[in-house]
Structures are given as C-alpha cells and as structure tokens.
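Both complexes below contain subunit A, partnered by subunit B and then by subunit C.
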Partner chain A sequence: MASASIEEKIERGAGLATADGGEPKAEYGFLEEVRSIPGGEGVDLCIQCGTCTGSCPNANEMDHTPRELIAMIRAGMRDQVLSSNSMWYCASCYLCTVRCPRGVKYTDLMYVLKNLAWQSKMAKRGNRPLAMARSFVDVLNRFGRVHEATMLGVYYFRTNPLTALPLAPIGIGLLTHGRLPLFPHRIKNQAQLQTIVRKAQELGGISQ
Partner chain B sequence: MKYIYYPGCSLESTGISYDRSTRAVCRVLGLEMEDLEDWNCCGSTAYFAIDELLSLCFSGRNLALAEGQGGDLVAPCSACYTVLHKTNRYLKDYPDVRAKVGTALAAGGLSYHGGTKVRHLAEVILNDVGLEAIASRVQRNLHGLKVATYYGCQLVRPDVGFDHPEFPQSLGTLVEALGGEAVKFPLMSRCCGGGLIMSEEQIALGLLNKLLRSATDNGAQVMIAACPLCHLNLDAYQGKVNRKFGAQYNLPVLYFTQLIGLALGIDPQALGLDKNIIPATELLAAYV
Partner chain C sequence: MEDNNGKGKTRERIGVYVCHCGSNIAGVVDCPAVAEYARSLPDVVLARDYKYMCSDPGQTLIKDDIKEHGLTRVVVASCSPRMHEPTFRRACEQAGLNAYLFEMANIREHCSWVTDDKAKATEKAKALVSAAVRRVVWQQPLQTREVPVTPAAMVIGGGVAGIQAALEIADAGFKVYMVERDPSIGGHMAQLDKTFPTLDCSACILTPKMVSVSQHPNIELLAYSEVVDVQGYVGNFKVKVKKKARYVDEEKCRGCGICEEKCPGRVPSEFEEGLGKRKAIYRPFPQAVPNIPVLDRDNCLYFQRGRCRVCERFCDSNAIDYEQEDRFVDLDVGAIVLATGYDLFDASADMRYGYRRLDNVISALEFERMCNASGPTAGRILMANGKEPKSVAIIHCVGSRDTNYHQYCSRVCCMYSMKFAHLVKDRVGHDTKVFEFYTDLRAFGKGYEEFYNRVQEEGVTFVRGRPAEVTDVPETIDEVGKLIVQAENTLVSRQVRIPVDMVVLSGGLEPRSDTAEVARMFNISRSQDGFFLERHPKLDPVASMTDGVFVAGCCQGPKDIPDTVAQAAAAAVRAVGLMNKGKIQVEAATSMVQAELCSGCRVCNKLCPYSAITFDEEKKVSVINDAVCKGCGVVAAACPSDAIVSRHFTDAQILAEIEGVLV
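== the complex of A and B ==
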C-alpha cells in the first residue's frame, strides 16, 4: 500500500526515501531546499498538531494532507511531495495560516511547493490547476491583464477541449449579461511590463 | 486622504457591476477615487503558483505606480488586495527579494520604496466613511431584508487586522446601518473554491453548496459579497450547484456596494443590478 509505506518512511526519518525506493538521497537536502526559499522557512516551526489539516477545506482531496506534507518535506521525500496533487488543491483561503499555533505561514509554503513542482517538472501530467495557472500566465505576459475568453481557450486547448462543453451555458449567461468581454483590455505601457518581466527572468527566481 | 483606485481585471469583465456600484457609491459618499494610471494585473493566485518572483514584479509595478501617484491604494477585489498586501510583506521581510524586484522594476524605469498602503474597499468605506455617515444618507431603508454577509477568505485573512479572521462582524453592522437584518451565517468566511472553479469544478461546487445551504437555512433572502470571484462562483454557478446536489437555491448574490447603493437611492441600473445571473429584481422591487 502506497500510503502505508509513506507513513513508514516518515517514521524512519529524513533522507531515507526516494520515489523508486532506491538508495537514500542526500540527507535533509529537500528540507534545506524548501527552507531556503522565502515562505518555506516555516517547516522548521511545525509541531505536527494537524490544525492545518483540520482547517483545510480541500484536505480530503489531497494525496497527502497538509500536516503529512510537512513531515514528508522533513523526511526528504522530494519526489513524492512535488509530484503530489496536494498543493494544487490549495485554494489560498489562509485558514491554516491564521490558525497555526506555531505561526507557520502555510499558504506561503504551498506556493513554494507549486513553484518547485512546476520548475522541476515534477507535477504529474493532467494536473488541471497547473494547466490553468500556465494559461493565466500566458495571457498576462501577452496583455498585462486577464482576458477570460483567451485564457479559457488556451486552457481547454491545453487540457481537453471537450470538457469545455458543459461550461457553455455559464459562458453564454455571462456573455448575455455583459460580463464576458470578447476582446482583451491591454495595458498601454506593455513594453515596460515586458522589460520588467524579461529582467526578472534573468534573476533566477525567488530563491537565493 | 487621497485614494487611488485599483479595479483589477475582474472588474472589467465578470465583476463589472462591482466596478459600477463602487464608482456610484463612492460618488454619493464623497470618497474621491483617482484611478491607478495604466495598472496591470496583480498576478493573482495563479501567477504566484508558477513563478513567485515574476508575480511579485507584476504586483510591484502597481505598487510603484501608486507610490508615484501618492495615496492609499484601494482594491475592491479581495484577491488583488491579498496579493498586493503579500507583495508589500515579502518586499519588507526578504531583502534579497526586494533587491531582485527592485532590479527588475529599475529595468522598466520604475522604483518602489515600500510606501504604498494597500487597503480593501470595504475597509475604507466602513472605517473612513463610517456607519453613521452612511446611515445618515439612507433614502430607502432596507427594513425586513434578511442578508447573509459573506466575507470569503481573503478580505479577512491572512494577517490584515481589519476584522476577525473567522467570525467578522463589520458587514453585519453595515447591513444593520442600512436598515436590513444580518442573519446568522456560520460559514461567512469559509472558502468558495476560488480559482479552482475553473480547473476542479466538482470540488468548488461542493464548497459552494455548503455556503448556500448555510445561508438559506438561516433564512437569508440575499447574500452580499466583497470579492468578484466569490460573486462569480456563487451567482453564475448556483444553477450547477442545484443540479449537482438536487437543490433549489435561488439566492441573489449582490456586491455589498450594490446593497449600499440601493439604500442610498441610486438607480439599480447604475449599480449593475441587471447583470446578475440569479436576478434580484423581484426581491428588491420593494426597495427601489
């Protein structure tokens, strides 16, 4: 059983787990990686009380609950953490963050994990929240503002165009109520924004 | 006090009635708002998921432009508000991040010195205008109207101190100042699913069902929201919730600015009330 073996690996401690069950990787390597990224330092504070999991509206949909996720980070289980769906089901409601008795800013940590999963290409195929985020970014980089129609077009092209059909009544409803513009609003100084984006891309991400 | 208005992308599309009602209500309340010149998207939760540094630069451009214009930056969208707030927090807490964002902004000829205060529209209206001033301008008392006050998540969380993060009261006191009744609504600050409505619709519909049930079980005739994404989910997806859960919700969802506008005697059309998917016209006929 996959979940049983993960529990077992957490019990056995840091650095002993790899995705294929093979040789241990560098001990604490993943923990160091996460804690070195702004927003990731909170993993050190966790006392495994589970308040985050009890508060999370989507914990029941996650491969690993929020509490378990921190235990896995500490156990060096990079592959299992970054390939899981857990962070992608975080809706950024911040309930865990305001309730954590140790002050872990868990929502910030979820973003750290999303960034790592995408940038290290560990996210599983068919990850829809990731596909949506990528479509969103594509539209922003082009127009500087969101354009829902373009974004959804890119998203459904990227995932499964057929799944767009059940959305048609909602789209038509919004359209007839003047809430779904056909043409994008662009910012005027797009050149400036793109210069900023290009420069930021040279700087190697948020981690040191 | 000078206010710089940051509508955010949703208020140009799905949340257009939030923009209209905000402008109309601010005019009547004497809140002078100057638009942020050539603003761009805040980056939202989605850009943060892909690349936090780029997202902070998107947000940082807005903060820098606002600093140039001088004044408090007012966001009606709770997601914009939280993202802009988070950007200020990261730039303050992490010197290396501040240096990188500074370098990127400088390439575009901008600089930001951390001086832009980010505020949510609801907080500005409640604290700077105040309930007394609003109540004194009420033309149509909303007596008898039972309202579920929905705060959603990012108006009161994570760390902004505007109201209690789980059981806030401010919108309730606003409803009462307008003459209406704020019904008990235990899930007032629980999640609507947010952006997951697009990619993981089934999960979001389940959360919406809980919110709608909590509001209607407590006798609400109308719900108010302070975020365009909450509003979109609760209004446009209510039919889908009904089909999935065999429910018969027919609960109009208004922006809190629309409710204020009605009480102030502003024309419903000017408040964008005709743009609701779940129509509010019949219910509110007594008040217009």
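== the complex of A and C ==
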C-alpha cells in the first residue's frame, strides 16, 4: 500500500491523511462496514443537527453523544466508537428515531454498534448496561423467558455484588407479595429455541 | 419484407441520427449498435451516431445529409421532444424539409436515464428507433399557423412579486389586470417590519409601489377577487374572475374610514396574525390599496342578526350596499403571470415546540407584527403577561430541512432569524439574552454574511443544534416559570437546557394550501416540494410548462425579496416579449372533420375544451376552426363515425409506431 496512487486513495474513500503523515489506516473502511449492515444505512443521511442528542434521555451518561457518534463513524474512528459506552446507554426509547429530520433509524444503528462492539471484543467489561444486556440474553437463552431473580443475580455477580445489598429490602418485599417468583418459568421445547439461536449465531445475525 | 413500405407509393429516404448526449445516453445505450440496427430498417438510407446532435455540427450534419442524400424524412434518437424537438425541426426546415417530416425518439428520459442495464437499454433504444422510423413514413407535411396575441396580461397575486411584475408590464405599455384575493394588495411583505440585511422598513419600501399599482393608467386592479376559470391558450386566454362582494360601492367610497370607526363588531385580524382586532367592516391595514373597506359578512351584526346598519348610517357617500352580490367578469389576456406566494409553515404541526400549546412560543409572522410600530403592541416585544422578555430563543428550520415536514431549505429563515435577534436587542435592550439555535447558517446573499457578523458583534449567542423540544416543565430552580429549550450544543457535544422567557419559531415557507387547485386551473405542474414547476430549473426558471403562463416569487419556491423581485421582473419581460411580437406560431397539428363521414351528431361540439367547433347548419356537419384548435385529440377519440382526424396523430401513424415497437 505504500505506493498507492491518489486515485486509489480516493477510490477507497481515504483522501484524508493521518496526523503523522503516513498512509491512511484500514480504519477508514469503518464507515463502509457500518453502512453495509442492515440498520447502519442511516450514517450516510445524518446532517449533524443534534436532534437525537437533544432528545436522548441518557445523552449525559454517554462518552460520546449520539450525533457525535455518527461523526466519529464517518471519520473512521473505529476503536473510539466501539470501545465507547454510548450504545450501551441507549434505552431504546426511539425518541431520536421519531424526531430525526433525516429519517435515520438511530435505535437500529445503536444495535448495529452493540453487535459490532461485542463481535470485535471491544466492549469494555466493566460496562454495566452491557452486563445487564448479557445477563438478560443468558437468562433468556436458558429458560426461554426472563426470570428477574436469576437475571439480577447474574447481573450483580458480573458487576459488583455488594451494590445489590441496598436493594435487598425491595426484593424481599416483592417476594413476599408474590411479585418475584423464586423459580423460573421455562417455555416448552426449549431445545428448539436454542437450535434457533445457534443457527442465527452461525449466520452471524446474533453476536456470540 | 416487400419492396415497398406498405404505403403503395415510392419509398421514402430516411436519415436516422443517434445522439450520445455525452455520456447521458452513450453511458448506457450502445449508440453505434443502435445506428447499425437502424440501417437495417426499411427506407433508411443512412444512420449515424454522434456525440451531441443538438450542437451546431450535429445540426449541420442533418442539413448536409438532407441536401446531399436527398433525405425525405429525418429521425433523431436523443432526448425528450420537450427539450430539442424545436431545434431539429428548425434544422430540417432550414434544409428545405417540412418540420413535420421529422420524428424524435426519446432514448434518454425514457431509456438511458431509467436503467443501468446496458443490454436492455440498447434493446429498448432500438425498439424506439424502429417505432419512429415506421411512423415517420406516414407523416405528412403540415404548415404552422400564426395567431394574434391579445395585448394584455394578467398578474395573479398582489404581493411584492405580483406588484413588480404588474408595474414592469404596465410600464412597457401593456394593459395589466391584477387579481388579488385579499381586500388589499401587499401580501406577506406588507406584514413584515424590517427587511434583512439592510433593515429597511418593509412598509416604507413597499407602499409606494402599491400606490403606483393603484394609480398606473395601464393597471386595472381587481382586489378581493379570484380567478374561477381559465380557457384558451398562449396569446389568447379567456379568464373568468369572481369579484367578491365587498358590500361597499367602489365608485362611491372615498375611503374616509368612518364606517370602520363606528362598526361595533370586533374580530381577530388576519393581517395581525390574530394578535390584534379588526372591525367587521375593515381595511386590513392603514395603507391598504385599494383604500376601500370590505364588509366581512360572517361577522357583521346586520347580516348575522338582522340589525345594526351603523356603517350605512354614518357613510356620507352612501357607499354601503348590503344588496351587493358576487360579480363575474370575463377578461381576454395574452399572457399570465402567477405570483400567488406562500403560506408560513404552521408550527403547531410540530408538537414538540409547543406552538399554540405554551404561552410565549410565537411564530415568525406574529413576531413581525409585534415589532411593527403600527402593529398590535405598537412595536413592543411583549410576553403574554405584558412584560418584556429578558431572554429569547430563536429556533431555525421549523418545518424545513426535515423529512417529516418539508425536505427543502426555506432559504430565508436563517436571515430573518438573525434580523429577529437584532430586533430583540434593538427594541428590548442590549442586555436581553438572545439564543439562535441553528443547524447550518446559510447567509448566501449580498450583504448577508456581513449581517451575520454584525449580529454576532451585537452579542447574540449562537448555539449549533436543532432543539429537540421546548418545555415548561422545570428540572432545576433556574428553570421555574421559564420555557426551556433542550438541544445539543453540537460544537461541544453537550446536551443543554436553556431557560428563556420567549421562543420564536422560524417557520419555513410552504406552498399555498390551494396550490393543487390553482395548478389544475392553469394547467401547470408542481415539483415534488409542491411549488409550481418551472420549465427548466436553471435555464428557464420563470416560465411554466404551459406556454404563456409564467411564475414569479415564492409560488415557484421559497426565496427572499431581492430574488422575488428579480424573478418577477424576468417573468414580466417574458410576458411583454410575447405580447410585443403580436403574433405567435401555433401547432399545425390540429384536428379536422372529414365532412363526407360526419353524421352531424354534434357530440364533438360540446367536448372541445377550446370551443373550436361550430356546426354548419346548412351542410349539417361540424366544422373545426383551425385558428382555435389546439389539436388535443379529444374529439378525434370521441367521434362515433371516425370522421375526425387528428393531424400528425393519425391512426396510420400511431399503428405504424406501435408496430415498430413490437417488431
């Protein structure tokens, strides 16, 4: 690549030189990668108006605001995007999607980024929304239904079990009122669900 | 294939020309292959492909071939006939070939532009060429006709666009009928306070023009009137105008205003955007032209309850006439200029900004009226509680640049928003905080960037970000009793909540709500955004697709005052040019009745949209007046005896064409 002509660089969408004057890195393919995944097409439409961030209930918790995240994807900042916590703080409230003046389905894009982050092992382990998402999926795979007690057990075990202590009185209250079943309900033919999940994983539709 | 062409007469000598149109056609269609194919068609003596047929060398090619090879028919496969049919017809005529012996195959809009499939596109191009070749054999020489142009124009809409167009045409010496729907001319510009970037007083620069309209000997002003029907064609339009009843005799009224003063009815004023009141008999604003009041029947005590008649009692000139009725006038004009303007985007459609839901969230026109010295607050910017705001947020792009509402940029909002910022600083005081929430600042005109810089220097805070919402629900103690604008300050990537006293929504410009009906009445098209469609976006932005109908101002698309005035003057010149010629050439492709086949049923007489058919009582057959016929073909299709022939669209020609496509 050292002798890539200008035409080749433009062809790759990599007209931008890196700060150290070296060859553009393969990272400039990140935009291409995101837009090629269903749900990721919206990155091309954005006009950077910030309606998404303004509407976002969790924007203040994010490393990068939703609008900024799109700008970073376009700039090819793969590592910074995929290692950020932004997509994990998306509450899927869809307010950005409803309001976006360009029709970007931002919530879908957030799922694309979650998948990419997980697949490329860039999601940070200490990230609590991620731990919650994983616990949810694990429990779902296991029982076919969500079981709150198991899910929270797994979640707090994954993060910091001590932080569960203040919640104990609420848990006991829920238990005694029959709002928190001790044992999980399982669906019938659970093996079939797992076959479906396995197949989807093989096809790359679900992160492993 | 037999040796003759099925016509049982001598063979024609056809020349076929396949245009590359640069890469527009050649990028998808294999033009040399199409030319090669054309050579194999009956009667074709030569076929060429060339880069640009419409260029001078391209036309010369045709002319030289006609002379050297004795061509008797010419086919050009290129763009739409709308684009270059006149060009090639002229080339044929210059070489001595009748223009109607030329045929065009559209292999651009109908072929290369609509697919990437090269093989299929080439096949289709061949089919279209084959159709044109087979058709052209049957075409007959026709003579174009000249008809006179009525030396009068109609301008529809009395805003600044209409005013400018009317004055230009009238100054050029032609009669102008100006039709305005509202009681007074002036349009939206009359409602504005100042104009950017010079801060001229809008009324001060407009009202002299309004007065000129009313005093110009060549202009007949039909205010409070609407066009109800349009017939005819370029040079010879017949327009029916409804003059709505004013209930005031225009001849007798002296415009003293006593009726308005004494009238007890008070209703929200349309001109003041509902912020102020007007009487039931009223002039929209003091400088109204014509200076004659209108009685609003729906709010008049006499009309609604049967008693009052105060205006009549006080009127010295006996001008009040409760018996007046709508009148209709028929006018003959040669050209029409449409200048029907725009509607301001109704911000209440975008719920999140709280317009009509939260106090002190106001529209752009409401703000204009508030700033105006003769407006409802006498020029003071006031909140609902009557106090002046200490902080104001101005939100750009409301209803514009948003696929949920209008995708286009309305072009004027950035500039008028900054004008608003200046007016707040100017009227309320320099310590008033003003926030401009913008997505991109578009200061594109002469002196506009300088105005932006001036407003910056006045201490206006620019926040780059489109607000997500305006709310009155506080989250902190500072926000209590305020309107909070929540947005992202995109330049620092922070979500911000800015509490303010007043929010101004800079709404976009949208097509008039009745644009569809008006377009239908004048037989013109609309573009995707809903505005009237110009004939060519770059090279003919003032003509419509209908000859003799021109467009000016915001009815064609959002624009500022200088652009509106420029377009209006250009439309006027086009209308004047048309009338100045005195005569125009019209299509020779008219219909004719074959008298020996006509049964005299008279079905066609009423169907003709141009009233071109009369009935010959003596011979008991229908007769088409060639000068009036537009060759639309309606009666040719309707005639039960097949007695009517549509010249240039005969059955033989159309069947040959179909056959050509199917071969």
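Following the convention adopted for this analysis, the second predicted complex is superposed on the first by the 179 of 208 C-alpha atoms of A that agree within 3 Å, B and C clash if a C-alpha of one lies under 4 Å from a C-alpha of the other, contacts with A are read in each partner's own complex, and residues count from 1 in each chain.
Convention: a residue touches a chain if its C-beta (ideal position, glycine included) is under 8 Å from a C-beta of that chain, and two chains touch if they have at least 3 such contacts.
Everything quoted here is computed from the prediction, not taken from an experiment.
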Q. Quick one: subunit B and subunit C on subunit A, clash or fit?
A. fit
Q. Looking at the overlay, what does A:53 touch: subunit B (first), subunit C (second), both, or neither?
A. second
Q.
A:102 in the overlay: touching subunit B, subunit C, both, or neither? Say first, second, both or neither.
A. second
Q: Please indicate which partner A:128 is in contact with in the superposed arrangement: first for subunit B, second for subunit C, both, or neither.
A: first
Q | Larger contact residue set on subunit A - subunit B or subunit C | A | B
(Q) Once chain A of both complexes is superposed, is A:116 in touch with subunit B (first), subunit C (second), both, or neither? (A) neither
Q. First (subunit B), second (subunit C), both or neither: which does A:148 touch?
A. first
Q. By how many Å are the closest C-alpha atoms of subunit B and subunit C apart after the superposition?
A. 7
Q: Kindly list the residues of subunit A that each of subunit B and subunit C touches, one partner per complex.
A: 95
Q.
Looking at the complex, which residues from subunit B come into contact with subunit A?
A. 9-10, 12-17, 38-41, 43-54, 56-58, 61, 82, 86, 90, 93-94, 96-97, 100-101, 103-110, 153-154, 157-159, 165-166, 190-191, 193-196, 198-200, 203-204, 207, 236-237, 239-240, 274-277
Q | Of all residues in subunit A, those that touch subunit C in their complex | A | 47-56, 59-60, 64-65, 67-68, 95, 99, 101-103
Q.
For the complex, give me every residue of subunit A touching subunit B.
A. 38-39, 57-58, 61, 88-89, 91-95, 97-98, 105, 107-108, 111-112, 114-115, 118-119, 128-134, 136-137, 140, 144-148, 152, 155, 169-170, 173-174, 177-181, 185, 187-189, 192-193, 195-201, 203, 205-206, 208
Q: Spell out the residues on subunit C that touch subunit A in their complex, using ranges where they run on.
A: 352, 397, 401-404, 439-440, 464-469, 486-490, 493-495
